[in-house]
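Have a look at these structures, which come just after this line.
You will see two complexes here that share chain A, one where it goes with chain B and one where it goes with chain C.
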Partner chain A sequence: MINAPILIISIPLLAAFLTHLTKYTKVKRGAELVAIFAWLASAFVLSTTARSVLAGQVIKYNLGGWPAPFGISLQVDGLSFFFAVLVMLVGLLILIYSLGIYLYARRFYSLLMIALSSILGIILTRDIFNLYVFFEMLAVASYVLITYKHKPRTIIASFKYLVMTEATWVFFLLSIAILYSLTGSLNMDVIAVQIPGIYQANPQIVYVVFSLMMISFGIKCGMFPLHTWIPEAHSQAPTPVSGLLSGLILKVGLYAMLRIFYLFFGATLLTHGVGNVIIFFGIVSLIFASAMALVQIEIKRMLAYSSISQIGFILIGVGLGTQLGLQGALFHIFNHALIKTGLFFCAGIIISQTGFWKIHQMKGVWQQMPGLTITFCLLSLAAIGIPPLNGFVSKLFVIQAVLLKHNYLIIFCLFLGILLTAACYFRVIQMFFSPEEFHHKHDFRPNPVGHFEHLTVYAFAFLCLLIGIFPALVINLIQPALKVLLP
Partner chain B sequence: MIGFNGITVGIIIILLGLFGVLTKRNTIKIIMCLYVMNSGVILFFVSLGYVVSGQAAIFDHGRTLLPMVDPLPQAVMLTSIVIGLVITSLALALALKIYEEYKTLDVKDLINKQND
Partner chain C sequence: MIFPTSFWPVDSLSFFMLIMVTMLFSLVFVYSLAYVKRNLFRYYFVLLMALLGILGTILAKDLLSFYICLELMTVAVYFLIVDNTKKESFPAGFKYVIMMFAGGLFILVAALMLYNLTGTFEFAVFARVAHTLPAESIKLILALFVIGCLIEIGAVPFHVWLPDAHPIAPSPVSALLSGLVIKIGAYGLIRMLFIFKLGMQLLIWVGVLSMIFGVVLAIRQTNIKRLLAYSSISQMGYVLLGMGIGTSLGIGGGLFHILNHATFKMLLFLCLGAVIYATRERELKNLGGLGKRMPITAATFCIGALAISGIPPFNGFASKALIVSATAGNLWLKTALIITAAGTTAVFLKLFLQVFWGELPAQLKKTNEVPAPMCFSLLILAGICLVVGLFPGPVLNKFVPLTGIALLHFEFWNFKLLVDTTMAVFLGLAIYFFGVRFGLLGVGEGRGKENSTLLSYLSVDKFYCGVAALIEALCNMLKKVMRRSLNVYLLWIFMALVILLFVLWCPLWKITI
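Now for the complex of A and B:
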């Protein structure tokens, strides 16, 4: 289908407005139905492009019929398809998880659909200013989603996220302005063709653009010195939104980094050792955040810091720039989205059942919820990287790629990071299996948890096991993406 | 030579705004500084397309109006102004909610009250 790219974005966006109109119908839970059906329709449209994209073709759509250098063009290629499949899968499970909780009403689904459709927009667009607009759309939707419960601490978390993101996001607009003044176009393909010539004439300006973009994508994906919004926002947001933030919003920042850095600077800067800067920030994120995760008291904050350390792992793969390193990075992006969203949902159910936020209070959860505890263990083993699970395969690729570079300092840091991650997850698991009698919080009434929540958590664990045993399922998706990144 | 034009003034305004975001403790002032940063970028971007005594790029019955200004930065910055407005109003709403809950606008006080 030639119209596929615009339909994939616009169907969920339309659903965002239709969810409010369900107020005037007599359909019970109409907003949820509209959201899920729109998401499935969008996934169907994506699946119609699968055959030609996986064969290496590119599906282009020009908005308003204006050809590429003048109008905005949308494009489905291997890399976009890989990320779109990930967003479809995790987005569907987030929607199903939210179904079970009655307090999430029309406004919630409307905002969620805006956020999800803008994520798809970021993935499919080929216009750099359009990328900026979709990122702002996503940011506004997520600021409001974090404050959904109207608790005082959520508002402060959202405010902190807003100030940090907007202050750095100005620099992305500045880098767009510099690129426009140099090339006279906002189309990514046109800019990419001209960058090597500009680098020949004036290398400093290309370095300026690179560093401005590094700052702005760094804050979106939670790179080390710019990570401070993550623990607050992830731990205070409602559980489905924590899953969305960790599973998809951080990954979209990484997508923008991969796409723009490899398209613009692939032939110039990255061959001159600038990838080492990304590796450096990756290592610092990995070690620092794993160490911070070890000392956290609240379980959701611990998971948030663990997200940052896994992002560090991915950044090392991105910075290496080799075939194997990028394969590991892309695979780990996929795995981490599944693992961490599942872990946040597990933690959410445990918190709503017991009323406890802190790890040391969760003694003997095993006796209360055996199925959920085993799922949590499975997902955390996947996060550490224990063989039959998916985290192992992707970490193996990254470590192999580093070994080929013969850099033993990075290897040491990677293993240190894995050990620290293992320590912080085993601390939680040990609390869960503690032989002490489980005590409910004083005068606490557990919220009813429906089948939908348990279903999604088991689905995440099943997917992790499935991909761990048959990694070829995802590697077949990664191969076309690698061809786009390294032509 | 660096002239005193929209481009340099734009950069100075961005840096002033960044200084404010980093040093101010009042939430309303932080939001205003964010808006100042945004305005600096808008000035910078619009100045890129500026031509001395240029006309708007509208073709009237085949007559070309030369010299004409670059219309794309203006169109793009119109979108950016709208986004800046949305962000500022949302941030002010959040600041209002914070004031209702904690009765303070000072960031240091907020951190102290949150830790209690």
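Now for the complex of A and C:
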């Protein structure tokens, strides 16, 4: 299906505007229905491309019929397909989770659809300036989503997020401008062909472009010195948005990093050891964030820091640049999206049931919500990487890839990171099982939590178990993506 | 790579372990029927998960499956340890689970390094290609693997989780921990050492250290289950010593001791579990004179105590005899063995006298014998101890694998061994009476405070807690340093950019990390 790429992006985008029109119909909960159906339609369109993409073909679409160097082109290849499947899956579960709560109005679904469609746009576009535009769209939509509740603290958090992302997107714009002035094109393929020549003539300018891009993608994916917006935004956002931020927005930063670095610098910088720089940032993120997660008081903040440490884990795999390392990194991206979104949703349900934000207040949750506690335990064991859950498989690949490099310093850091992660999750688990009688916050009325929320959380835990037992399900998706990254 | 997890009863070694595990596990089940009253669903679910994990490690055909089942067991046992959800149980469980994960990671790294060398995880293939692999890397891999297994076993100096986890767990679970869970590490150790046919000087040292440390620390304990936990450390030292010697006599003795220790330590834990069940007391000073009220428990405990002290005709004697003979006249090792045996005798003499002998405290007047399922488990275990002790030769030849000529024709009832045993027993009696006289045993008059502080330094627990506290303090410091201000955040961004540019401009990055 040749029109698939544009349909995948435009159906949710259209739905974002349609949700507002449901005001004039008499359908109950029309906005939710529109959003879900648009998302399913988009997923259906994606599935029509599955066969040819998994066979190694590329589906290209030129916007407005303009051929590649002039117009914008969209493209579905192995890597985009892998990420698109992830976005479809997690996005659907986020939508279902937010269905259950009557807290969200049309505006919420509209913004969510804009954010999701811009994520799909980032994944499918082949034009570097278009990538920038979609990133800005995503930033604005998620900015409003974070501050959806209009409380002073959420406004401060999202303002910080906005300022920081905009500051770095200026860098990205600068790097696009440099590339445009050097190559005369914004098409990724055209730029990629010319970069080795530029590197031969003037390596310094390539370094500058690389650094600018590293900073701007690093802030999206939460690399160590640029991670600061993550704990603030995650802990203040409404729960579905925390899931969106941790599950998808961080992954989009990683996608851009993988796509652009391997396309532009795969033959030049990465083969000359710049991967080590990425590994270094990965290690620092891993250790720093898991250490911070250990001493956090609020549960959502702890989960946010743990996200950063998992991103560090992924960056190590990305920086290794070997077949196995990338396989581990991609697998861990998939796993982490499922695990962390599930954990945020668990935490969200617990918070809305008890009114408590802090870990040490959550005693005796087991007596009150046994199913949810078991799910939380399963998901956190997956995050630590305990077999037979999915986190273990990707951890295995990354450790093996590092071992093949015979680098024992990185192994030691991975050790430390995994143990600290285990410590911070078991700190929460043991609080859940603590004997004290469960009690609500003083004069707190628990929000009703419906079946949809629980269903979503169980679905995440089930997926983690399923992928852990049958890792081939995801590995078959990763193989075409690896062929794109390492031709 | 798709997971090549595969399970099969590989050989006589797993068959041996399998018989031991299924037999003892079913006794734990029977015992639990009467002992566990709350949260039945959760308890039996995790108990079965633990069984799954243990059986999986034994039946694993490859190292990866071994690791996977080991982690499964670890998580299940964590939930068993914290089962009664008391305030004290969580720190103990936390210590257990973190140390076990660390041990598991060592094993995982060793497994992956072997995979990178040979392209497979299978034990059978390792055995075939063992002699072709580079010796240096094999040494490294084995060192990692051995450290991992030692943590799982709870050998000195990695033993700190053991005395914390045992007293706090429900009694059937403590029996399970000491009887089966710590044996899994030993099983993995034997499996790998047998493949690579490397004797290990290290294991001898660790074994001797564990033996002596365990028994010295056990002597002063007043919590009955904690005492047994320290004694487990000491008994696992025997197993490690036997393996470290590496002759067929040594390994055979080690394996036999695994079986025997599992039975008598389980018996002892279940007996004291019965005491706790009947009296709700764990401290020695509140117990006494229970022999008349609980005759079955007292009798079976007596058998277990005799067995662990290595007194014929009980099973402890048989396996200790093998290990003593394996030392082949090395005077140092023999001295260590005799001291440990003497210390063990003293410890269990103290325990028996304090719990079952003497005056019955007033609040325990109404104590009754425990229910039938518990008595059933105790009697069966005591019977095993006696039967194996009476006929060690046939049992050894039938069940314990890897028998060599020296094992087949081993003379258990020879004069020299009996002399050694008698010596150890008299030394033990002497230690007990001197200990009581000078207040070294933590019972009787309240003397010997200085000894207890000395002992608390001897146990390395302080070191581990110190490391944990240090890490937490560092993390807190880090948290304090990170200021939550937008200006600082923006500064971070620009600094990151500048550093990145600097690193790329300079040729520094060409040096591989």
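General observations
The definition used in the following text is that the second predicted complex is superposed on the first by the 487 of 487 C-alpha atoms of A that agree within 3 Å, B and C clash if a C-alpha of one lies under 4 Å from a C-alpha of the other, contacts with A are read in each partner's own complex, and residues count from 1 in each chain.
One rule holds for everything that comes next: a contact is a pair of C-beta atoms (placed from the backbone, for glycine too) under 8 Å apart; a residue touches a chain by one contact, two chains touch by 3 or more.
None of these values were measured; they are calculated from a predicted model.
Touch criterion met: A:210 reaches chain C, while chain B stays clear of it. In the superposition on chain A, contact of A:193 is made with neither chain B nor chain C. Of the two partner chains, neither chain B nor chain C is touched by A:486. When both complexes are overlaid on chain A, the residue A:180 reaches chain B alone and has no touch with chain C. By the document's definition of touching, of the two partners only chain C reaches A:279; chain B does not. Touch criterion met: A:129 reaches chain B, while chain C stays clear of it. After overlaying the two complexes on the shared chain, residue contacts for A:158 are found with chain B alone; chain C is out of touch. By the touch criterion defined above, A:167 lies against chain B and chain C together after alignment on the C-alpha atoms of chain A. With the contact threshold set out at the top, residues 159, 163, 167 of chain A are in contact with chain B in one structure and with chain C in the other.
Considering their complex, residues 159-160, 163-164, 167-168, 171, 204, 207-208, 210-212, 214-215, 218-219, 225-226, 228-229, 232, 272-274, 276-277, 279-280, 288, 291-292, 294-296, 381, 384, 386-388, 392-393, 396-397, 399-400, 403-404, 407, 409-411, 415, 418-420, 422-423, 426-427, 430, 433-435, 471-472, 475 of chain A touch chain C.
Contact residues on chain C toward chain A in their complex (touch as defined above): 1-3, 67-68, 71-72, 75, 82, 85-87, 90, 93-94, 97-98, 101-102, 105, 108-109, 112-113, 115-116, 471-472, 474-476, 478-479, 482, 484, 486, 488-490, 492-493, 495-497, 500-501, 503-505, 509-510, 512-513. Note for the complex: chain B touches chain A at residues 14, 17-18, 21, 27, 30-31, 34, 37-38, 40-41, 44-45, 48, 72-73, 76, 79-80, 83, 86-87, 90-91, 94-95, 97-98, 101-102, 110, 114. Chain A makes touch with chain B in their complex at residues 129, 133, 136, 140, 143-144, 147, 150, 152-153, 155-156, 158-159, 162-163, 166-167, 170, 173-174, 176-177, 180-181, 186.
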